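Before anything else, here is the set of structures, which you'll find just below.
Both of the next two complexes hold chain A, though its partner changes from chain B to chain C.
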Partner chain A sequence: MTQTWHVTYEIFRKKGDQSTHYDRFEMKVDPDEYVLDGIERIWAFHDRSLVFSHACHHSTCGACGMVVNGVEKLTCITPIRSVTKDGGVIRVQPMRNFPVISDLSVDMTVFYQRMESVGHQPVVSVGFEDSKGKLDSEDDLLRLSDCIECGLCISACPIALTTPAYLGPAVLAGAQQSGDLNPCVLELVDSENGAWRCHSAYECTEVCPSHVDPAWRIMDLRKKLVARRIKKFFGVK
Partner chain B sequence: MAEHPQKPANLIKWFDPRNKSLGSWAFILNRITGLGLTLYLFLHLIMLGQLARGPEAYDGFIALVKNPIFLVGELLVIAAAFIHGLNGIRIGITSFGIAGGKQKQLFIGLMTVAVIAIVYFAIRMFTH
Partner chain C sequence: MDKPQAIVIGAGFTGVAVAYDLAQRGMKVTVLERGPLVNGTSGRTHGLLHSGARYAVDDQESAIECIDENLILRKIIPQVIEPNGGLFVALNESDMAYREAFIKGCADCHISIEELTPRQALSLEPNLNPKLITAFKVPDGTFDPLRLAMGFAASANALGAEIHLFCEVQDFILDGMGNVKGVKYLDRSSNQIKKINADIVINAAGVWAGEVAGHAGNIDLPIKPTPGVMVAYDQRLCQRVINRLNEPGDGDIIVPQRKMITVGTTSFEADNLDYIPVFDDQVQLMFERGCELIPAIKHTKERGAFMASRPLLDSGTKGRSLTRTFKCFDHKESDNVDGLVTITGGKATTMRLMAEKTVDLVCQKLGMRVPCQTAEIPIHSYRKFHLAHNQEVA
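For the complex of A and B:
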């Protein structure tokens, strides 16, 4: 049986140079609906000027990242039940650390460009396992890689909060994942605004909806960078 | 094009622990204790500077710092040193890919050690 909850959506609004504010919408929802469903209904029935981004509705496109009651969430897979209670409030803000285009939509251009420049592979080999657990290295099946480029990790990072120059968790994780540390990638990641800027707050791993574990990947990348430097020092190729 | 939201005012937001996970609390704690220890280092050097002004000035200063308020201050320095030092070891090892998946357990473990050490020093300082 479906339940009905009364919740208040408090939505961050920003249009052009106008000052920012929150609009409140009293909504009847099923707590097992997702936060994005409510936002869509607000757009459909209450305010057609509300701007927000989404596409796939099933945690694949990475477009629907927002800050929900203070925490980064992929809104298309975040049940209302998990962020509030009957009679409660759902405060929705755009992701932090990105320029806001309008309302809940942010400009992720620079982020996507950085993902590309570190060689992040959006599609990877499946690594087919047979019934004895053996990996077939000849296998040519492909799958989407874990990182869906949603940007939630960058929004949650306290260091990305202080400078847009910091590449940020997903980008460093992308470099680690690609494994190809060519001179161009090295210049980006083995630098002040690359892997060495991280201060180990682990918020990225905390909010990542896709098991990328970016914090672990940043640390692993550092290990590789240090190994390279040591080898270079001793003249090992 | 929309503006980047990062502004100098955000420097204060580093210290906002609301809705944050344990890793951020550790980061904030490390930064506060690190800055606290640096401040103490300066105070300490000023105190040592008293030595150069002869035995009377120094003895006068020592009498002043026997005051309980200074004892509490000293305990804060000891606490900061244990918290920062032990947490620093955690950051150091996890930063190079060792025990990264266990950073929370490491933090809780090392902070337990810190609390025990701080309580031990507190008892010693206030019962002597």
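For the complex of A and C:
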């Protein structure tokens, strides 16, 4: 270790129907370690009952999204140094606007179903995704698309907080990315719980760890929806 | 007759693939995983879909398994794969000395390769070290680890398999003769102890397989957990997997994914498998070795650093020379404990084949004659994965 800090992790706990509370763990850490490293050590050495989600540890899978000191973070790439100081606190909560399974893990089932129903493409050409859909490249190189479906944008969204019916930033961005606005997708996104519900707070883009820029994509989706309506009004196909 | 009940311990790549294959062949399947999906070795892979070329010289059995399964996975689960191929790059005379053996090895293992001039290689991958001497194209790819597992889990779900996360096996239920009849586990999300009986239990706990098998008595599994470090950098500096043309060694691979690249890896032996620290000197080594292949890494920010522990099979040799193939143990044969099968070793790329061989053995033990079909049927969308019903929350 190059440097040692003493920090206190305050972890949200929830088991079944029992009342929720926070547990405190005093930890010695290297400030250049990632927040998730500390959580994993709490599980490995202090409390085996801790439930949290994680998989790839390098920001490709989106499993370890949590709220860290009030802000949505992908904990595997969030250096401890960036969220606290020596002697400070790291308060970790599960993401907002999702049902909590236990402690820090949430259930993403409904979110995944929505990503599926708007036709978000998990693998696309490199040029297409790098340009956020502006270039329809003939590139034969493919890559996994930017959205890692971590849910951080939905957790940070002030409108998602008001109603679970709102599709939320990642899903609307997914519809923009797929570009296939067929009648089923239109019914979802061109509606009160779709693109028009967004209040352009841009919190989603602020917390996105993966270059998606969902707020821009929602605005772009609105442009496409308006263009469609105008064309329809004038009978243009 | 009721469907036989199978329990799979572990929801890493092997566990979810076994669950899917068991369900496909008509069994009632329950998966118990102590954490979330792929929280151990499987999640923490750099995501290389092996062409097999890495093993074509030293471990041809693994190389052939890799290329065959690589082609199958591309077909059944393209939703999680960047199928762009890879390069093996020579930078010095020592690398060039490996060239002949590499060409011969790939031919022996039916891995199709193509030698490129330095100019051709640089036109494909402009960030490669311009001093490269030669390069070979190979059919590598990369995959998203969580979604690869979710896809198999979703296909298992669709056939009725139940996947219980955060459920840690505490003990086996044994009959009077010491045979396994079920498991006792702790549901960590509700803090309750639960039991399930089973006709067969499949231990797919990877590096932890020895610990799990130990609940059934004095069972010795030849697994040598062999961790390695991986370091992710914040730019996609190559479109294809970049390998060093040489004997397998530290920092010999760069894997692109989304907008980043990951450099791997090292190879040492570990004692505590539940937490393996990331060592600074190994991170520095990845940086230096990575810069040899792609010098622009020097000007790129680190995005993450992590450790994963390979569950290699112990054949009495050390580290890199351990075989990458897998083995299925019927504990009736090896330890006179019936009702328990362990599958371990292998690679992410060979997960489907590992499941096929394991379920062949399970079917044989249960007297079922159903062929494996997983190589032909497309995998469901990973987004169809769901938790077991009694774990759903309001």
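Quick note on the criterion: the second predicted complex is superposed on the first by the 225 of 237 C-alpha atoms of A that agree within 3 Å, B and C clash if a C-alpha of one lies under 4 Å from a C-alpha of the other, contacts with A are read in each partner's own complex, and residues count from 1 in each chain.
Please note the rule applied: contacts are C-beta pairs under 8 Å (C-beta built on N, C-alpha and C of every residue); 3 or more make two chains touch, one makes a residue touch a chain.
Quick caveat, the model's predicted, so the values are computed rather than measured.
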| item | value |
| --- | --- |
| Which superposed partner A:A44 touches (first chain B, second chain C, both, neither) | second |
| Touching partner for A:V126 - first (chain B), second (chain C), both, neither | second |
| Which superposed partner A:L161 touches (first chain B, second chain C, both, neither) | first |
| First (chain B), second (chain C), both or neither touched by A:N97 | first |
| Touched partner set for A:Y202, first chain B, second chain C, both or neither | first |
| First (chain B), second (chain C), both or neither touched by A:T60 | second |
| Which partner reaches more residues of chain A (counting touched residues only), chain B or chain C | C |
| Contacts of A:H21 with chain B and chain C, given as first, second, both or neither | neither |
| Which of chain B and chain C A:L141 touches, first, second, both or neither | second |
| On chain A, the residue positions that both chain B and chain C contact, one per complex | 99-101, 107 |
| For the chain A and chain B complex, residues of the former touching the latter | 69-71, 96-101, 106-107, 158, 160-164, 198-203, 205-206, 213, 215-216, 219-220, 222-223, 226 |
| Chain C residues within the chain A interface of the complex | 36-39, 42-45, 47, 78-84, 142, 144-147, 165-166, 168, 188-192, 230, 232, 236, 239, 256-260, 262, 272, 274-275, 278, 280, 303-306, 381-387, 391-394 |
| Contact footprint of chain A on chain B as seen in their complex | 1-6, 10-11, 13-14, 18-24, 26-27, 91, 94-97, 100-101, 103 |
| Chain A residues within the chain C interface of the complex | 1-2, 15-16, 18, 33-34, 37, 40-41, 43-45, 48-49, 51-63, 76-77, 99-103, 105, 107, 109, 112-113, 115-116, 122-123, 126, 141-146, 148-149, 210-211 |
